[in-house]
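Take a look at the structure below.
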């Protein structure tokens, strides 16, 4: 990974240099090359690991800065090689140009973010064509590739978030384990193998989920369901063991005395 | 608080109508009045009333879409009178795409085969009979056996046509799904969705509640 | 066949408006006026006119949805004012935010496309392989060709998704890059910061004296 992960503040040598030069929004002529060079070298020393490619860019700029600094410190003599002098100016102009460019795109990035933020407040409709029109499609899989099928699968497997809204203002909800058991006895034989997640995916209240869980445990105790959980925190698999729903209802009545203690007010 | 219809101020009513329109526009499955009511802190009966009102309005204004009650919930759909245009659009082919919902159904069958209709439905959280029929009819999935369990449900799998359409040699060539762990963003979204009083909601609800306060949302001007 | 606008009778117009509403309702991507025109047997210009008319109508009626032109086509979307409700309900498909690094890289590709990875890296001064991969993966950028030069480097550009995510009709709708070029004061500050020999000798000498101070006081220079 590029070094930017380790040093979140500076996104590369230009970023650092821009920061060093522009950080003080004070008098223009306070900007001191000496301070910039020192700051730059200090930051360079602070970076522990650098990718070779990135490091070379940092070092190149450091070298340019040091050279500029040395020029400033030395009185300009007549004996200076004109070519050398020009080369230094060229280096500096190039650096300046790149700094301006870098700054430009930094600003542009902020503008893009603002645009994306505004656009993000609207949600496009992507519901697509009604199922009743599907039959007309010449080729349902036109333009669909395997990767898209994979992504669709992953999307489908993400547990569906249930909008959780404070329900206190609505009529108080009374849920009991008995009711939950009655529901499960009707539901489970139809479902075959299912998971606790699926059984509770439509529930809004956490309390309802808890009550369903207690109900499942009751059924397990009675030997009406088999439970398994292959992984810690994984899905709890539930398999109905009873013969069929209707016949078991009688048995549930006998459960009632176990369960009635657990009536809750929501 | 849930209010009776006659106590509903004009502003609250207008805001609730807008919210209904927005939410129903982007939900893939019909959405129940109860759920909408929870969001708006309105009784389901009032939500039903608002939906009926909107539906009547669209009809009266001769819109090309309808708000309809299907399978216990509300959704937008195209007006039957516009079916010829929708059909033409669908037949153009390259522009109409399998809906995300239908593609998910197909993907579940592909990766979980053999699988029963009920199992697919339980993963998707909705009835999938219609889509499964279409997919079967189009030759992408087929019955591959019966569940040995009590119900002896039909089990479905994908076909050779499916593989050919995707340019795959065999099912083994499907991209591996690995040990799927939802990304951090997904987890965060889930938490956000499950948090009892996330800020934006309470904000907007309080906006709904005190009708006199200054209202700044762009949708409010009318 | 396609008719000019002034020959469009009221009935035809009403029917065309309905058809537009129906077809746009079922598209998953913004639909071009050209395609709508083809389906409705109307000129694209007239379709655009009808769409603008409908969009204005929804706004005027204070609807919770909008008809908008994005990425060269028309689509229905929720009104931004309803964001608090919609966000609570529809958690899927939300895009995780891009990092500052990714945004800057994206800005460079957007304004300099087609551009090679190496060119982007040279502007940013850092390796951009990872960030470019992320952007590509998220569908914001894509390979659009190859550099005809010796290396035949892949050239990248932005996608339709990019436009959709930013709510832009086309790349022309991007704010001009000139808006972001730093002002004269900043450039001068940068220039001054890198000036090798601009100062009078006396300043250089005073600088030599206090070798280790971070900066000289404002009064010392000028």
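Residue numbering begins at 1 within each chain, and the chains themselves are lettered A, B and C in the order written.
As a convention for this text, a contact is a pair of C-beta atoms (placed from the backbone, for glycine too) under 8 Å apart; a residue touches a chain by one contact, two chains touch by 3 or more.
These numbers were taken from a predicted model, which means no experiment stands behind them.
Chemist: I'd like the most central chain, judged by C-alpha centroids against the all-protein C-alpha centroid.
Modeler: A
Chemist: Let me spell it out: compute each chain's centre from its C-alpha atoms, then which one is farthest from chain C's centre?
Modeler: Using the mean of the C-alpha atoms as each chain's centre, the farthest one from chain C is B.
Chemist: Find the geometric centre of each of chain B and chain C from their Cα atoms only, then give the gap between the two centres in Å, rounded to an integer.
Modeler: 29
Chemist: For chain A and chain C, let me know how many angstrom lie between their CA-based centres, rounded off.
Modeler: Roughly 22 Å separates the two chain centres.
Chemist: Centroid from C-alpha atoms only, then distance chain A to chain B, rounded to Å. What do you get?
Modeler: 23
Chemist: I need the residues of chain C touching at least two other chains; which ones are they?
Modeler: Residues 25-26, 28, 65, 76-80, 83, 86, 88-91.
Chemist: Taking each residue of chain A in turn, which ones touch at least two of the other chains?
Modeler: Only 123-130, 133, 155, 158, 161, 163, 165 qualify.
Chemist: For chain B, which residues are in contact with chain C within the complex?
Modeler: Spelled out, the residues of chain B in touch with chain C are 14, 17-23, 25-27, 31, 39-40, 62-65, 76-79, 81-82, 85-86, 88-89, 92, 95-97, 99-100, 183, 185, 189-190, 192-193, 198, 200-201, 203-204, 217-222.
Chemist: Help me check something: in the complex, which residues belonging to chain B touch chain A?
Modeler: For chain B paired with chain A, touching residues are 1-2, 22, 25-28, 35, 38-39, 41, 76-78, 86-87, 89-91, 93-94, 96-108, 110-111, 116, 118-119, 122-125, 130-131, 134-135, 137-138, 140, 147, 149-151, 153, 162, 165-168, 173-175, 177, 180, 182, 186, 189-190, 193-197, 201.
Chemist: Which positions of chain A touch chain B when the two form their complex?
Modeler: Listed in rising order, the residues are 123-150, 152-167, 169-170, 189-194, 198, 201-202, 204, 240, 244.
Chemist: Show which residues of chain A lie in contact with chain C when the two form their complex.
Modeler: Against chain C, the touching part of chain A is residues 1-4, 11-15, 18, 20-22, 24, 26-36, 38, 51, 53-54, 57, 61, 65, 67-69, 71-73, 75-76, 88-89, 92, 95-96, 98-113, 115-116, 118-130, 133, 155, 158, 161, 163, 165.
Chemist: For the complex, which residues does chain C have touching chain A?
Modeler: Counting only chain C, the residues touching chain A are 25-26, 28, 30, 65-66, 68, 70, 75-80, 83, 86, 88-93, 95, 98, 100-101, 103-104, 106-108, 110-111, 123-131, 164-168, 175, 177, 179-182, 185-197, 199, 201, 204, 207-208, 214-216, 218, 221-222.
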